[in-house]
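The block underneath contains the structure these notes are about, expressed in structure tokens.
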Amino acid sequence: MTSMKNNLNLGLAAFTVLAMASVPAFAQEAAAPTVAITAATTPNVDYIFNTVLFLIGGFLVMWMAAGFAMLEAGLVRSKNVAMQCTKNIALYSIAGLMFWAVGYNLMYPGDDGWIVADVVGKFLPVSLPDPASDTGNAYATGSDWFFQMVFCATTCSIVSGTLAERIKLWPFLIFCVVLTGIIYPIQGSWEWGAGWLDDMGFSDFAGSTLVHSTGGWAALAGALLLGARAGKYGPNGEIHPMPGSSMPLATLGTFILWLGWFGFNGASQLALGTLENASAVAKIFVNTNMAAAAGVIVAIILTQVIYGKVDLTMALNGALAGLVSITAEPLTPAVWQAVVIGAVGGVIVVFTVPLLDKMRIDDVVGAIPVHLIAGIWGTLIVAWTNSDANVVTQAIGVGAIGAFVFIASFVVWAFLKFTIGLRPTLEEETDGLDKAEIGIEAYPEFGTGSQRI
Amino acid sequence: MTSMKNNLNLGLAAFTVLAMASVPAFAQEAAAPTVAITAATTPNVDYIFNTVLFLIGGFLVMWMAAGFAMLEAGLVRSKNVAMQCTKNIALYSIAGLMFWAVGYNLMYPGDDGWIVADVVGKFLPVSLPDPASDTGNAYATGSDWFFQMVFCATTCSIVSGTLAERIKLWPFLIFCVVLTGIIYPIQGSWEWGAGWLDDMGFSDFAGSTLVHSTGGWAALAGALLLGARAGKYGPNGEIHPMPGSSMPLATLGTFILWLGWFGFNGASQLALGTLENASAVAKIFVNTNMAAAAGVIVAIILTQVIYGKVDLTMALNGALAGLVSITAEPLTPAVWQAVVIGAVGGVIVVFTVPLLDKMRIDDVVGAIPVHLIAGIWGTLIVAWTNSDANVVTQAIGVGAIGAFVFIASFVVWAFLKFTIGLRPTLEEETDGLDKAEIGIEAYPEFGTGSQRI
Amino acid sequence: MTSMKNNLNLGLAAFTVLAMASVPAFAQEAAAPTVAITAATTPNVDYIFNTVLFLIGGFLVMWMAAGFAMLEAGLVRSKNVAMQCTKNIALYSIAGLMFWAVGYNLMYPGDDGWIVADVVGKFLPVSLPDPASDTGNAYATGSDWFFQMVFCATTCSIVSGTLAERIKLWPFLIFCVVLTGIIYPIQGSWEWGAGWLDDMGFSDFAGSTLVHSTGGWAALAGALLLGARAGKYGPNGEIHPMPGSSMPLATLGTFILWLGWFGFNGASQLALGTLENASAVAKIFVNTNMAAAAGVIVAIILTQVIYGKVDLTMALNGALAGLVSITAEPLTPAVWQAVVIGAVGGVIVVFTVPLLDKMRIDDVVGAIPVHLIAGIWGTLIVAWTNSDANVVTQAIGVGAIGAFVFIASFVVWAFLKFTIGLRPTLEEETDGLDKAEIGIEAYPEFGTGSQRI
Amino acid sequence: MKLLTAIIKPFKLEEVRSALTDLGLEGMTVTEVKGYGRQKGHTEIYRGAEYAVSFLPKIKIEIVVPSEQVDKAIDVVQTAARTGQIGDGKIFVSSIERTVRVRTGETDETAL
Amino acid sequence: MKLLTAIIKPFKLEEVRSALTDLGLEGMTVTEVKGYGRQKGHTEIYRGAEYAVSFLPKIKIEIVVPSEQVDKAIDVVQTAARTGQIGDGKIFVSSIERTVRVRTGETDETAL
Amino acid sequence: MKLLTAIIKPFKLEEVRSALTDLGLEGMTVTEVKGYGRQKGHTEIYRGAEYAVSFLPKIKIEIVVPSEQVDKAIDVVQTAARTGQIGDGKIFVSSIERTVRVRTGETDETAL
């Protein structure tokens, strides 16, 4: 994803190119590829296409919020399902409000809006121009804000899964406020806001690092301070699995995320108004789909070989890991390269999920392997297919954002832990958070739900 | 939403403007905002963009039918879930058939097609022109019909939730036939059909009153004649809650509705072929999202404060109430105003849901607070942000449509009650409608489902 | 669906037409319908619209994979739900990989790429051109591949439902590899690849035969070799129904499929860049929706009349049968004709579902009536509304593809049966495939799930 | 002490429970069961095929009472659970030799 | 009267029920239970970690019969429920002192 | 033989099971039940209206043991199931006249 600044230029390009484009002679020349490419559509058409790309991409990514909700509802035990649903709809709402009140301008300060040049943007709520004079960019201002906001929400969704079943509602929501209002936008400004990482040549097309690893780091910091679910790990290193309550909901959630990812990666091309952009978006769709497919198949084969049975939850994680892996660069890889990149994502899931358990880091839905580890992989491998990127700069970006997000999150989590506290009482946790904090069971009529014999 | 007539003009405008638009000189002028705005795209491009807007908006609103189905399936007890699914897919189908056979032309009679001028349109099924000569408007005829039809279906979906768990299938479906074929189109013609309310200056952009309140009034009339579910209210005014069977399905349904609403409000701009229209659609997306977010957060905070626990079902209703509130005017409010308007929607839910129970009006899913009451609020508040609207005219529109829909619905419900009857026997209701009328349990394997110890 | 070849011409047409289109004189003429129709948009705009059509249509059809997953998860017993989810996400992934590695070029060899002229295309993986020079067609290469791929995946999804609850995971997945890589592409090339059926004048707009019947034939061959679920049919011809585990999931799946079908049929117009194409897509949306609606209502009425109760699962099948019926020709029918065509689909379901049981062919979700039988009906009835088609040629196409797919599938199934075997042991089947092959229950906490008292 | 096992219709549970509470019987254990008896199940149709549902949902109430209270308890349950329709259920009485309250170790009547 | 409590494998329920019906025993109460015994559970893997499923799904059938029919009933159940595999289950017999039919108030054998 | 029926708190099941196994009691049958007793339920709020949840989830363990092992078994269960909190549950003892192992036909103690 280039910075908004670049994108504006791109818009202006359309205008200038146009003089030549719309003269009658155009048609014939159009037949010749080279011209056809540079030939932009008329500025309004270009503007409308870009806006449509942001809006369609935006609603697809918004839909991912439902995907996370279903995935997590399916992977937690039934006694915590209503809580998980509550967290997911609340965090999506918070992301919208915070990214409007603070986040957007902190992330996209423009050329001269920085408080600390290229590091910290400005604090200012967003207001939209009158549509009749919304001509500052090659797209509608609102469409860009909407598209950026849903990315911020996605980052936050990642956190809720890891910490499920044992964190109280309010401390979690307060963290979401800080993450979506401050932490996410600041690190985002370094790259997509045209800050220092962008200047350095760091490349993260749709956010393997800026969105997924960021969510993963915030989740990891939380998991370390929060500790594991009661009874998850025995005194002698035993691991006690706590199977999720609904495999079909987890599967539905994964399909929703897969669908949303076409908007996530595709619309990150940020422009649709030229033949080249349209073709690029199409190529991104293909690579995105192939990486996910490879992740699924690898996870299925590996779990069959290693465990003698196919683990559906690993296959679902595999799809997501494939998607995260290709997110840093879905455009430059050839199809076979996208397959390879996604396949490695599947491998990562199968091997790091048990690893985390061995380290006694309790990640309920596997968000750390899927979003953090695969996100790092995806960011580093950009250098393989994109000659503009080099692995050192990529590593610096991964490290810088990782350090900032992890430390900042850790501080916030620690503050919450020692003030209002993060965890419910053991009894509340045993009874389930639905009873303790929501007051309704997710499935009041299906067996006793909250425990299994 | 302006009337189709206006929309046609809008299309013609595009044609005329064009002469100037597509001369070579255009490009430079385009740089100057003022011209860029008026400069329309070529008529075909304009036509295609408008058609695309209707089709995308249309399938998003069609998807809301699934949202209502899931929301209601989640909020009824498991013994009535299969029935609720049946009602929802049946009513969506009926809406399509009736709006084709009768509704559309009754709602959009055009300038001289009225039976009673500006009050009752004409009775005539819809037939679509050959695509090769579908040039009567600035959009494809079929795309407009499809977009209008899904609004009709939405109105009908609202009714099924309120009356759930105690109304027989067939009387309900018969009511749907009348509502979608006659009641909805007639009141709709008064405003969107360029009837008397439109002439008066009443303003309802996407249907807070025409769709949501209309559904709410029809539901209210039904609830009064139908009475409450057996055992819902005790002899001494006790209220016996009957928790829904699946919170994740209710949450999924809400997310689906939220997603669909971008089409509901966004495509109600009715045109996409100019820079201004594109920017307007984008702004509508933002305001729609913010109103919903505010509704959720307000409902969460209020239920926490008032009841000491967060009520997920209220949070879900809060999102929908926020959406309904902004539907009458999603374009003119500044973002912060959209937040305020949606937040009030959240307040409405938290306070009117218990109020209805006190009045012993049994609204299973909270459709009356969400669609009727928030719909009235949203319609009246238009005057705050849209200078073309005034609160008196808005009140007249709310009153006129409310009176017509409530009375007409009441008559139909009463007729059904005293002919085929509305309610199953007490035993059938106790056993659940799935067993009584559908013959399959929604969840045959999960506990006994139909009651809880 | 015309062949890719025709589509290319269509693209070129846009170029030539253009010379006239973009001269200043254009605007006025545009007012005159005839010209407005032929007048294409500029080549880039045309290209972008076509690409957008493929991408939106593509992600809608991709979403159908989730629809099949939910429909099947809802219609199998809970002890096989996790397996069904696994099969569905795996087969979608396999379809993507195989259609890239082999399928696409086998199906679309172009004019001179055939191994056996007009019968067998070439074996060659797909690679996408650099977006900067992707000017070979009037749409982005990747968008076309993506759109074609999801059709291939849909074909495969159909098979999993019929064979559910009794086929082992791996033989099923191996069959999917052959179906998506070889069988589907070869028969597809005969028509959409501009092969011999296309030359003959066979007409199948969006795949009633090429996609749905093909899936149905493959499923039928499998069902015959696999046999019925243990205990499904008694020794004296008794039929023992095995109700599905979740009606709301089945309903959700049907709504997802309905939504996806707008992309399935609508984007099969293959072009959006002219007024006529836009209007055609819109008409297709309307006819598609009406056929489904008619299928639902007919199924509801018939089951009420015949059985005295409404069968929700038949109503859901009715919607799908209506959709399959209109898929062979969603453009030429008048709305009322679409209603009739879809209604017959509903009739087919209600009468052939029990018929299959009498023949002891165990089709768990009703895929054979819905996709195979309604697909044949839809293909034959094309001649009613499309003067270019004649029923004999249609029958030849149905027969040829049916014979090829059934025999080829039968051979593959037979090979698998006599090598690795298709069925789990009786005990594994009784315990459920989730326990036997997946190792996790779909709903570990809801009652014992795997059986009902 | 005696164990009263009552099989009743599900929707009667609340009445029976409060009736027993009025009698001062403060403890009981309840189980969801399926019953088969004179009240036959019904046949349903699924996708065109008939099938018999031979078992009906019932609630089983187990309550241990001091021997002298058995008669009263039986009366109370029978009145509260009665609809007069077939399928109302049964009450079975058997004897309990010992009772222990886990929390305190109290035994027999004092443990109830 | 005696109470026969049979713990059987779930898929045997139908056979046992019809066998008992053939014997003229028209009433029974059935419960879904989980069993633990010689037939050990199995271990499963979830996300790479092993866990033991120590309880297996079983069906508990409770049927009260006149004392003289106990032997026949036991025979019938044992034959119908038998697979010869470990985990087939058990039959326990205890005595019932009184039976009341809620609907009519009939008692003891007439109430069965 | 005696039937021990223990009503315990769900999360204590694992402890009780292993304690019994250590005692060499290799078989038991477990049921999910709802309990009502001194430990009152709680009130919840749903959409603004209060309602009482009077029954609490409990686990019922049924285990048939040779008479001489009853005391040990009771001890073991009571210790393992005890939290000291109200609602810990009860243990009821009644007598079983006969036991049959379905698989083998073995009877009484040998069938356990």
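Letters A, B, C, D, E and F mark the chains as written, and numbering starts fresh at 1 in each.
Assume a contact is a pair of C-beta atoms (placed from the backbone, for glycine too) under 8 Å apart; a residue touches a chain by one contact, two chains touch by 3 or more.
Just so it is clear, the model here is predicted, and its values are computed rather than measured.
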| item | value |
| --- | --- |
| Chain labels contacting subunit A and also subunit F | B, E |
| Interface sides of subunit D and subunit F: same vs different residues, half threshold | different |
| Chain pair showing more contacts of the two, A-E and B-D | A-E |
| CA centroid of subunit A to CA centroid of subunit D, Å | 54 |
| Where subunit D and subunit E are represented by their mean Cα positions, the distance between them in whole Å | 18 |
| Distance between the centres, which are taken as Cα means, of subunit E and subunit C, whole angstrom | 48 |
| Gap in Å, rounded to a whole number, between the CA centres of subunit B and subunit A | 31 |
| Touching two or more other chains - residue numbers and ranges from subunit A | 21-22, 24, 45, 52, 56, 243, 246, 252, 307, 309, 311, 313, 439-440, 443, 446-447, 450-451, 453 |
| In subunit D, residues with contacts to at least two other chains | 30-32, 34, 45-46, 55, 94-95 |
| Which chain pairs touch, all of them | A-B, A-C, A-E, A-F, B-C, B-D, B-F, C-D, C-E, D-E, D-F, E-F |
| Residue numbers on subunit C that touch subunit A, as the complex places them | 15, 18-19, 21-24, 42-45, 47-48, 51-52, 54-56, 58-59, 62-63, 65-66, 69-70, 73-74, 81-82, 85-86, 88-90, 92-94, 96-97, 100, 125-129, 131-135, 140-143, 145-146, 149, 169-170, 246, 249, 252, 434, 437-447 |
| Subunit B to subunit D touching residues, read off their complex | 430, 439-440, 447-448, 450-451, 453 |
| Complex contacts: residues of subunit E adjacent to subunit C | 10-11, 13, 30, 32, 34, 44-46, 57, 59 |
| Parts of subunit E lying in touch with subunit A, wherever the complex brings them together | 34, 45-51, 55 |
| Touch list for subunit A against partner subunit E, complex | 239-241, 243, 307-309, 311, 313-314, 350, 353-354, 357, 366, 453 |
